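Paired with chain B in one complex and with chain C in the other, chain A is shared by the two complexes that follow.
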Partner chain A sequence: MEFGPIWRAARRNKTGPVLIAVQIALTLAVVVNAVFIIQQRIEKITRDNGMDVDNILSVNSAVIGQDFKAELGVREDLRALRTIPGVIAVSASQHVPLSGSGWGTEFAASPESGAPRVNGVQYMMTTDAIQTLGVELVAGREFAEEDMVYAENFSDPQPSLIITQAYADELFPDGDALGQPLYDGLGRPSTIIGIVRRMHGAWVGWDKLSHVALLPRVMPSNSTHYLIRTEPGLVNQTLAQVEAALFGVNDQRVLQELRPMTETKDRSYQGDRGMAVLLGVVTLLMVSVTGVGIIGLASFAVRQRFKQIGTRRAVGARRRDILRYFLLENWMITTAGVVLGTLAALGINYWLMTAYDLERLDPLLLPVGILVIWALGLLAVAGPARRAAGISPAIATRTI
Partner chain B sequence: MLEMHSVSKVYRTDTVETHALRDFSLQVEEGEFVAVTGPSGSGKTTFLNIAGLLEELSDGAYHLDGEEIGSLGDDARSRIRNEKIGFIFQSFNLIPDLDVFDNVDVPLRYRGFNAAERSRRIDESLERVGLTSRRRHLPSQLSGGQQQRVAIARALAGAPRFLLADEPTGNLDSEMAEAVLGLLNEINAAGTTIVMVTHDPDLARRVPRNVHVLDGRLQAPAQPEAPPIGAPNGLGAAAMSL
Partner chain C sequence: MFAYYLRLAAISMRKTPGATALMVSTIALGIGIYMASLTVFYQMAANPVEHKNDVLHAVQIDSWDPAEPYTDRQPEQAPWELTYRDAMALMTSDIPVRHAAMYKTELVLQPGRRELKPFAEMGRITGRDFFALFDISFVYGAPWTEEADETGARQIVISRQLNGELFGGGDSIGETLVVHDRPFTVIGVVEDFQPTPKFYDVNNGAFDESERLFLPVGVGRELELFSSGNTNCWKDEKIETYEQFLNSECVWWQYWAELENPGQKADFQAFVDGYVTSQKALGRFGRPLNNRLTPVDGWLEARRVVRDDQKVLVAVATLFLGVCLFNTLGLMLAKFLGRAPQVGIRRALGASRKAVFRQQLIEVGVIGFAGGVIGLGLAWLSLRGIRRLFPGFEQLTHLDWTLAGVAVASAILTTLVAGLYPAWRVCRMPPAAYLRIQ
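Right after this comes the complex of A and B.
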């Protein structure tokens, strides 16, 4: 192999190779970190939220008029919604999970004023909450009709609730949450009657997203959401029948935000998706620009060395020797870039870790990135190198 | 050694057809030094390119060292160029980014010699052209005459049977040209067959055998009889004075 002469020749003519090596280094460094962030965002968007999001839809109903009785109104609405074909379960709820709005709460495992309080979000729902959300009950029981609190006042006590496993683990590290009382901000107890494996709350960027409490409760309000779970694939069909069902009960109301829960989720993750797409575009651009740069440098080198290549052929180089020369030269430049880029990638990752709390780079990404850059270099130089190999040895005597 | 029989070469483009060589027959014996003369455009370089396997002929037969060339593939032709033929070009054709040592090394690497063998041969041929002290110079740091001597060293390093030179003194002043010719005479005296193309009749006169090309055809010999093969002619010493 001609490492020695190629290296010595490159040192005498280094501007182009150095620029390309630096470009390759930058590309590797940025792309590896960008792909890592994309990976994390995708993981975030696709992580298990515990619910049957695909088959749930939600609507907000606000009844107009002073004499509305929440208990009666909600019961009638739920009954009407249940009659829509394909509906599995329905529940009222103040807020829609994953929507970005919710009722933040703090519970403590002990009534003492100094007891640590753990943040979470609470959803006030009706008896079929577990069924409607499609969450998995891992301990205790679902809501029964006797559990329901149709509150006259916002501050009426709440005897029972269901919480998520994550919330339970945080409040009762010993694992004995079921049957224990939780204490709200006013020190009033609510007994944990059930625990669900997993459910996400309101704010997808919050680190307490998995701290959720479900309360069997209807608030004295004209406005509520209804969550409707359908048989698989029937969300859109059901969606079209919700208005008629609810207006059939009472047409003195405003229906808003009628939409599949997938849409609600998508809206909440829009920022994450946007970031992933943006970084994806940046990655694609950088890789293309670098590829084009390598093609450009190699094409220029071939044109510049036209006579030299003819001379090499004249003194005995076979076509494949010329091909190998350019591939090797390119590989050396790429590898210099890859070495530099590896250091830069780790540097950028370290900076992101300290400044933006990002995690340590996936250890597989860097080697994969290096392989991709090598492949990119090879692909980019293939055309010019083949052109070089096609140069006739007669060029040696035919050019001045 | 070199045997061309009724060789022709036609260059075709979309619009023109150039008959660069027509019915060209020539025989060069082992150890000869032949000057091919002729006006510009007469087909000298074309002949040299075919003789040196740089181009393929359109018609006719060509044997080099007993081997029929016409049927050979590209790799085989490359190997023959590498092992049997040394080239000297009008504009030296050194690789500008490589120093003298690495330039002479180029054909040896394609030959597949190991590093020690290459180094020995490079030193030997640089010594032969008197440039041992310039081994780490770049071509741009050398005079034209010195550059041509590096090119000769490159041609000699592989110990070829056959040296082909296309206007080797065309880019040199007369003193340097003299020295290069002297060097070629020395090489020929040591047994290497040389065919040199030149448009300069004065230079050609100092070469044992002359053939003349006109309009792609070989003319009758200008000189009736060539001097004995490998005859010393007193120019060898000039090489060292470059």
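Right after this comes the complex of A and C.
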């Protein structure tokens, strides 16, 4: 291997190799960190939210009128929505899960004033809540009609509720949550009648996203959401019939935010998806630009050494030797860049960790990134190196 | 001479079309991505009331839970919003030139015109000073009176845009608008007010649309309107009626005061501190005194209006531009050095080093200019892409003339910087060495 001659040649003409090495270092550093962020965002977007999001739609209804009775109005609306063909279940809900808007709450496992409170989000829904959300009940039972609280005041007591497994585990580490009472801020108990395997709440960036309580309750308000679960694939067909059904009950109302839940979810994850896409695009461009840069400089190097190569060929070097020379030279430059880049990648990751609460780099990403950069370098130099190997030994004699 | 050098540059670029295209497109890509990310960043970081920055103050009172700060991420902060009681107490001060307490609430509008169905519209409950405070001028009419804030008179101010939709854009003063089933009289039409960021209320996103109708404080009380923004409560208190809600420790009001000079600010700070101290005697405010009067720029920073993601994107775009420039530098070096024999002849015929240097730089400038112009196009395309990725970002993705100028100028400048070294190298070469082999 011609490490020695290559090294000495590079030292005599260092600008080109240094430029390439710096580009490779920057590219490796940025790409590794960008891919890490992209990975995390994709994980976040695609994690299991426990619900049948694909087959649910939601709408907000605000009834006009000062003497609106929520209990009666909601019952009539639900009845009308159930008659739409393809509908499996419907439920009123004060908010739509994953929408970024919700009712945060705190519960404690004990009525004592010093007992630790656990944050979560509560959804005030009607009897078919479990069916409508498509969540899986792992213990206890669903809501029954007699559980329903049609509240006249905001803080009427709430005798029963269903919570998620994650919320239950936090409140009752011993795993005996079912049947136990939870206490609100005023020390009033609500019995846990059911536990749901998993469900996501309101704010997708919140670390307590899986702490959800479902309350069989309708609030004294003119405004509510309806969640509608359809048979698979019928969301859009059902969507078109919701307005008519609700206006049929009462046309003195405003309907808004009629949309599939997939859209609600997309909106909430818009920032994460956008970030992943933008970083992906810049990463690809960066790799391409660096690759093209290597090709450009290698081609120049070959052209510059035309005579030298011809001479080497004339004095006995084989095509293979020339090819190897260029591949090796490039590999050495790339490796210098990779060493620099590894340090820079760790540096950038450290900056992201301290300034933006990012996690430590996935330890597998760096070696993978290094392999990819090596491959990129060899691929880029392959063309120019082949051309160099093809130079005829006769060149050497021509210009003397 | 300049024209001659331009012609030489054109000839040289045509001789190596591949390398030229590569350099131009690399610069264009770098500049395009960089400018797109910078555009969004600058518009996020903008201060829409620069001219009143030092006089407008967001007011915070630490009325939160004695046991823990309002937010763990910024434990030094007080709650972003005020309780109803505290907002009203501050309104009794006559120290600020102008001040207004406010919150947003969703309203159902029933237009008189038959062809318009009832619709929901975000409104703002606020004091009469709101308009003068934020320099919102009246197209027709005038704000409501102080008395209306007290009594909850059924009066309403709408934006020019909403006036167009509801009343065809004419002078609609005195018209009736039914809100939540009750008739209100239009007493004013104001210019559309859409600051970016929406500095006066960033609770539900700093780039949300602003409200298009405004109602006196008393109306909120009268109609028992809750906030459609954020309401946060810490205390375990029984809240069954709206009255109890008003008297609770829940925070849901924004409050802005115009304080003309440091003396006035100090006076008002003393007033607020005095109020809180007197309330402590009644058993409220269990936390240390932490009342804050923050000017607009400080407020936007405290509320972290510029997203972390955007900062990361600008950093990535800057590094990308760096890679593009190193790339171009390498290509230029290769190209210029390859032209050494030609330069040797020019030098031998009497061209000075300076002249050669200048000629190379002009060629570099031409490449930079071409890259900048194409980069501008790419920036525009990228911003359209960003708008599709982030439907709420319309206001943040406008390429303005300043930024366009900056794009082209920075393309030329950075390319020139990158080109300095190759140009220097080529003009330093001894001509004789290259004459020999001709």
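Keep this in mind: the second predicted complex is superposed on the first by the 397 of 400 C-alpha atoms of A that agree within 3 Å, B and C clash if a C-alpha of one lies under 4 Å from a C-alpha of the other, contacts with A are read in each partner's own complex, and residues count from 1 in each chain.
In this text, a contact is a pair of C-beta atoms (placed from the backbone, for glycine too) under 8 Å apart; a residue touches a chain by one contact, two chains touch by 3 or more.
Remember, predicted model here, so these are calculated numbers, not experimental data.
Per the definitions stated earlier, placing chain B and chain C onto a shared chain A by superposition produces no clash, and the two fit side by side.
In the superposition on chain A, contact is made by A:392 with chain B only, not with chain C. Once the two complexes are overlaid on the shared chain, A:176 sits clear of chain B and of chain C alike. Taking the Cα centre of chain A as vertex, the centres of chain B and chain C in the superposed model span 90°, given to the nearest 10.
When the two structures are aligned on the shared chain, A:231 is found in touch with neither chain B nor chain C. By the touch criterion stated above, A:112 is placed in contact with neither chain B nor chain C. In the superposition on chain A, A:316 contacts chain B only, with no contact to chain C.
Look at A:9: by the touch rule set out above, it reaches chain B but stays clear of chain C.
Touch criterion met: A:254 reaches chain C, while chain B stays clear of it.
The minimum CA-CA separation between chain B and chain C in the overlaid arrangement is 9 Å, rounded to the whole angstrom. Of all residues in chain C, only 19, 22, 26, 29-30, 33, 106, 108, 110, 117-120, 180-181, 235-241, 245, 307-309, 311-313, 316-317, 319-320, 322-324, 326-327, 329-331, 333-335, 337-338, 386, 389-392, 421, 425, 437 touch chain A in the complex they form. Only residues 2, 4-5, 8-10, 12-13, 307-308, 311-319, 321, 392-394, 396-398, 400 of chain A touch chain B when the two sit together in their complex. Put simply, chain A touches chain C in their complex at residues 15-16, 19-20, 22-23, 26-27, 29-30, 34, 37, 62, 64-66, 153-156, 184-187, 223, 252-254, 256, 267, 270-271, 273-275, 277-279, 282, 285-286, 289-290, 292-293, 296-297, 300, 303-304, 352, 355-356, 399. If you check the complex, the residues on chain B that touch chain A are 45, 48-49, 52-55, 74-75, 78-79, 81-83, 87, 89-91, 93, 95-99, 102, 105-107, 109-111, 138, 154-155, 158, 166.
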